[in-house]
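To keep things simple, chains are lettered A, B, C and D as they appear, and every chain counts its residues starting from 1.
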Amino acid sequence: MKPSKTWVIIVAVIVVLVGIRMSIGQGMARAYVERVDQSVDVKANATHVATTFKWTEWHPVQPKMYEAAQKADANQTRFAFSWANTIGLWLSAFFTLAIFSFLYRDNPGYRLAEAVIIGVSAAYWGVVGFWDTLVPKLFGALTPMLVHEKVLPSLPDPTMGQVVAMYFALALGIMLLMRLAPKGGWISLWPIAFIIGVTAGLKIVSHVESDLVAQTVATFQPLVNLKSADHVTQLWPTIWASLANILLVVGVLCCLTYFFFSVDHKGAVGRVARVGIMYLMITFGAAFGFTVMGRVALLAARVEFLFDDWLWLIDPAGKRIVEMATAVGSMLCWW
Amino acid sequence: MRHPYVIHDTLCLDPSDPDWRFAGIVEKGYRALVARNAIANRWRMISSALILCVIALDSSGAIDSAPANTPSIITGNKVNLSSKIPFNELGQEVTVPPAAISVQARDVPWDAGGVIEVSWKPAPDTGTATKWVIERSEALQTGLTPWAFVAEVPIDETVVLAPKLSASASYFFSVTAVGPEGSSAVATTKNAVTPEWNFFIGAKLPLFCAILVVSACVIYYILAARRGRPMKVRRIAALEAITDAVGRATEMGRSILFVPGIQDMDNIQTVAGITVLGHVSKTAAEYDAAIEVPTSRSLVMEAAREAVQASYLAAGRADAYNADGIRYITDEQFGFVAYVSGRMVREKPAACFYMGCFFAESLILAETGNSIGAIQIAGTAESSQLPFFVAACDYTLIGEEFMAASAYLSGEPDQMGSLKGQDVAKAIAATLIIVGVVLATGAALAPQGTMASALEWLKGVLGS
Amino acid sequence: MKRLVPMWIAIVAGFVMLLSAFFPITESLGETMGDVFNVVAAIAFILGAGSLAKVNLAKISQRDQGWGYAAITLICFAITLAVGLGKFGVPPSAQFPALGWSGEKDAEGSIFGWIYEYALVPITSTMFALLAFYVASAAFRAFRAKNLEAILLLSTAFIVLLGRTFAGVVLTGWLPDWASGLRLENLSVYIMQVFNTAGNRAIIIGIALGVTATSLRILLGVDRSWMGSGD
Amino acid sequence: MSKFITILEGLDRRWIFLAMAISVAGPILIIGITGKTLPETPTPAARAVYSEIEKLPVGTPVLIAFDFDPASGGELTPMATSLVHQCAARGLRMVFIALWPLGPQLIDETIRRVILADYPNLKEGIDYVNVGFQSGNEAVMKVMLTDFAKAFPITKNGTAVGDVVALKGIQRASDFPLLVEVCAGYPGAKEWIQYVISSSGGKIKMVTGCTGVQTPQLYPYYPVQLNGMLGAIKGAAEYESLVNSSLAPKDSSAAIPAKYLEAQRRMGPQLGAHLLMVGLIILGNIAFFAQRKSKVRATS
């Protein structure tokens, strides 16, 4: 059998199964919301009179809550079916499957998801940058009144230093935007130069402080480890602990040797560097093993989303299974 | 004959439902110094507002007056309960811990200002005390400001640093021992101390020296290289492969993909990635190969454009530079990856470079690149991602090798010299490790010996 | 001249930052620069958005292959940006209901929040989940006992993989107490504490030196390749 | 046999993908339908997390940092849920912060899932508060060391931190005896250790829940700077079983809500996937050696 044929069959089986699932019992993938009426009294002050603000919020709830409420009173208005969230749920499922389909090969579904995510996420980060950085930092320092009146009433007033820094940032930003002007694009290199210089200056300090010196000092381990909690030196623990320290120190030195640039990896240096490479390989192997763990959990989470939220196939709370079983049973009886 | 007043307080959270708690007892005629006892025990952490309720007791201890609530909310620290009369809620005398002896405060020398070191001696027997509460008061010309909380430390500590002080003011400090039944008398400093700032932060001297040593090594060899001293650098296979990869892309008529990581320009790895891009794009310009640089930050896009454009100019091929090949995609990590891997599958670049700061996307990119048969060269200092690049790429620059890439590729003597200087600094670190290990071993064998004190000295010199 | 001014800007800015760590007068400069950087990066978004729009518009106008996807990207971008900046559908904040803009941009019920929940989250987390498949194919291909280094790599991964699940307990749980160090779960811990620490430490020290030297090359004006290679 | 080797050598990686999908989806279905999970024996690192939280007196302020985004939710949400579950049950004053921009939403979700659902007596702003996100990574940590209110001037819902009861008495990071960190990368546990824990001189203890990728990098810090650690979903499952067994009402046999079993449920697919990986590595090597043998034969 050709591989492509097999894949067509696999996909067809999945589609059929989803179709069957949709027609069983209550179906699948519907979202419900709860109505929450908000009302806040605002006291009068210099600028406005006392008023009460009222609005309605809809909070997502479990389908079983809707069912229970519906059973108790068919005309209740507290819980309701949510078109927006149901469409969202189906959209999420579609996107999830579309991305997974890339594993087979590039296809229109994946390209669609890709196109959507680029547009959505680029704008998302732009919006985050605006509301979380520009508004509180830049506008909060340059136009504090406006920010207080419109958005963040409790933002602390800016200090003189902040104001100066933000004018400076604004100047850099404008220089950067000169790139868009027909002439003067060369000036946009200045803010970049500034940022690169600042980064370089800051990173020297932080790396020498927290990495170079700290890690060097942390390697000052005794090759003979006699310490034990009860001050009684036991043979085997001592040997194991000492061995661990010896292996550690040797490892650090060998790996450092590997990183020497001005010496060729030949002769004795080459042998030491080779031991260093072996240490690095063990390090990488361990990291690989640990990472697999995390990645599988992420996949499991997505599969759970498909099975639980979308297909209503599994149900960790054990509510739907009974319903499904009776539905399947009655279908079989009918058959 | 005593006619004490019982004082209750409540945290003013919800005036309709006051949670009255016992705060202290005073005799008639005494000023009611409530907060000391009360806050030390309960409301210390949240004592901004207290409502006081005073109930008078007759000699037998029975209540003889209705509760008289204080009319307004009183800020916590305005009132102090004298520790002279330690009573509990039933009016019984209790034992309180003895006060601290000789509280001293001094400005921390060689610091950035704003910090005062407060130290004290505990009484010979601290009794039931469990902790010390330290407070401060600013000395104004008109008197003292209300006492403000500074710190709370376990009873076995006798020094505390009071931070966040104003460098232009002077302060008094008080120390109180607190036990389960009550707190001791207050011991205060005799003189006010000003937390002055100094020209240089003394605690950072070791760090300053360490940077100086590393810089001196690097600068010395840069200068030596300029004077013509030959600098040898070992072969780094991954960097040798760059030219081949660019050449191959040219031969195949396909593009080159260069990803400078997914972090912004405030990450030194991105800066290093851009410097490597400068060299790669020059080679690409010389070979006339198309180079594509998707970036996940707008600033990185700008920096990459500057670097690539200048490289094309330097290669005499300014006309071939295409700004739209260097484009911003999205800040979102996986949105970016979705684009790059889709693009890779469709365009099938012949060579892929991943140089910068990478996280989980490393393997998605490298595996996709592998599936389209591209030559892949990766470089990162993100040690958690190295295994994946090592497993899926043809060549990987590990950590420091990546940082050295730009210097190596430039081939300029002074840049090569800086690599040599880096090696010397590394040798110094290795030597220090060996010395430290020998001393530590000696210290482990003879905990009281010279080696042990030498080890302590060395650690101190290194600032830890 | 075009390259000289930026070079000096980088040099001066870098040295000021370097020294600011040691002198109280300038000590908080690093923090301030963090804010400045964030603001500049946020302003730079205009350039990024411009590039995104330009590239995609060009694709559409030239009817390039896949121009429909470019249109979708642009539409999604425009809608998300509009509803996010305008805080459409955001309920007012309970604290300051009088201020229309005070609600959280991604609050329950807002369009922006809906896009986040049903487009951004599923796509990005599924993209992340693809890694589970790629680790498998990478392991199958790369973990072959070609030489000693490869053997070390694969056997360590092997031990950790087994040691971190129920399988490890089943496989080596029978080992007696005196040999408990050889149980897979303990072995993986030993590897972490000795070999992994040694390897990582050397990498960290190397990187610290590499960063210092790289930064110094920039600060001394020796490496100018961030402005393009060559002069 | 030789045919098998030929198939292995030219194996299309899509078959590997399918095998992975089955080995993950299968156990999820089985566990999802039967509701049975694999037993967990907590390791010392996970037990340490539990006891560090458990030994704090009621009402102690705890700083809880959510430094991750939804993309790593698969690994970290179960940890976050259990950590908040234990803190809420213990009656600790929870102060949530985030140094990742998407953290505040995850905080709100966790609050909804755990506190609002099961601990409705806890009041927002008094017993817990979502202070929200601040940009600036390590810079924020450094500022927090000396001035919490400067690092986080307003909470997520716009209140000035000075007006929040849950934050009364909190002046700097060291006023929190414990930092609970859930992180997926940079900035994360490593930066907290470097900039806050080591500068606090042992005043702040720290426990962390981190992704599998970070676990190896954090091991060098445990147990000195890092008092407890949950490494990847395995650590989450161990800790979850600890929390569940201590908080489950002894007298009732009521089922534990599904949200508190997430990590343990995910250990099933984990086992399937790990066994598949081990099998793949073995198969890959069989193919490799067979190939080499035939090459050697061909050359001789």
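Going forward, a contact is a pair of C-beta atoms (placed from the backbone, for glycine too) under 8 Å apart; a residue touches a chain by one contact, two chains touch by 3 or more.
Note that the structure is a prediction, hence the values are computed from the model and not measured.
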Self-check item: Identity of the chain that, by mean CA position, is farthest from chain D
Solution: B
Quiz prompt | Of B-C and A-C, pair with higher C-beta contact tally | solution = A-C
Exercise. Could you tell me the distance, in whole angstrom, between the mean C-alpha positions of chain A and chain D?
Key: 12
Self-check item: Whole-Å gap between the CA centroids of chain C and chain D
Solution: 18
Self-check item: Contacts with two or more other chains, residues of chain D listed in rising order
Solution: 13, 17, 20-21, 24, 71-74, 135, 158-159, 213, 215-217, 220, 232, 234, 270, 273-274, 277
Exercise. Two or more other chains in contact with one residue: find those residues in chain C.
Key: 18, 21, 30, 34-35, 37-38, 40-41, 44-49, 52, 94, 96, 102, 116, 120-121, 123-125, 127-133, 135, 137, 139, 141, 143, 153-154, 157-158, 161, 164, 192-193, 196-197, 200-201, 203-207, 209, 211-212, 214-216, 218, 226-227
Practice problem: Mind pulling the residue numbers of chain A that touch at least two other chains? | Solution: 99, 102-103, 111, 113-114, 117-118, 120-122, 124-125, 133, 152-153, 176, 179, 189, 192, 195-196, 198-200, 203-205, 207-208, 212, 214, 216, 218-219, 249, 252, 256, 259, 280, 283-288, 290-293, 295-296, 298-299, 301-302
Self-check item: Topology of the chain contact graph, where touching chains are joined (line, ring, star, complete, other)
Solution: complete
Practice problem: Could you please specify the touching residues of chain A with respect to chain D in the complex? | Solution: 3, 7, 10, 103-104, 128, 132-133, 152-156, 206, 210, 214, 218, 283, 286-287, 290-304, 307-308, 313-318, 321
Self-check item: chain B residues within the chain C interface of the complex
Solution: 111-113, 197-201, 204, 207-208, 211, 214-215, 218-219, 222, 264-266, 268, 271-272, 274-276, 278-279, 281-282, 297-299, 301-303, 306-315, 324, 327-330, 332-335, 337-338, 360, 363-364, 366-367, 370, 381, 383, 386-388, 390-392, 398-400, 402-404, 406-407, 410, 412, 414-415, 418-419, 421-422, 425-426, 429
Self-check item: Residue numbers on chain C that touch chain D, as the complex places them
Solution: 30-31, 34-35, 38, 93-96, 102, 104, 106, 116, 120-121, 124-125, 127-129, 132-133, 135-137, 139-141, 143-146, 154, 157-158, 161-162, 164-167, 169, 185, 192-193, 196-197, 200-201
Self-check item: Footprint of chain A on chain D - complex, ascending
Solution: 12, 14, 17-18, 20-21, 24-25, 28-29, 31-33, 35, 71-75, 77, 101, 133, 135, 138, 153-154, 158-160, 163, 194-195, 198, 211-213, 215-216, 220, 231-234, 255, 257-258, 261, 265-266, 269-270, 273-274, 277
Quiz item: Which of the residues in chain A end up touching chain B in this complex?
Solution: 99, 102, 105-106, 110-111, 113-114, 117-118, 120-122, 124-125, 176, 179, 188-189, 192, 195-196, 198-200, 203-205, 207-209, 212-214, 216-217, 219-227, 249, 252-253, 256-257, 259-265, 280, 283-285, 287-288, 291
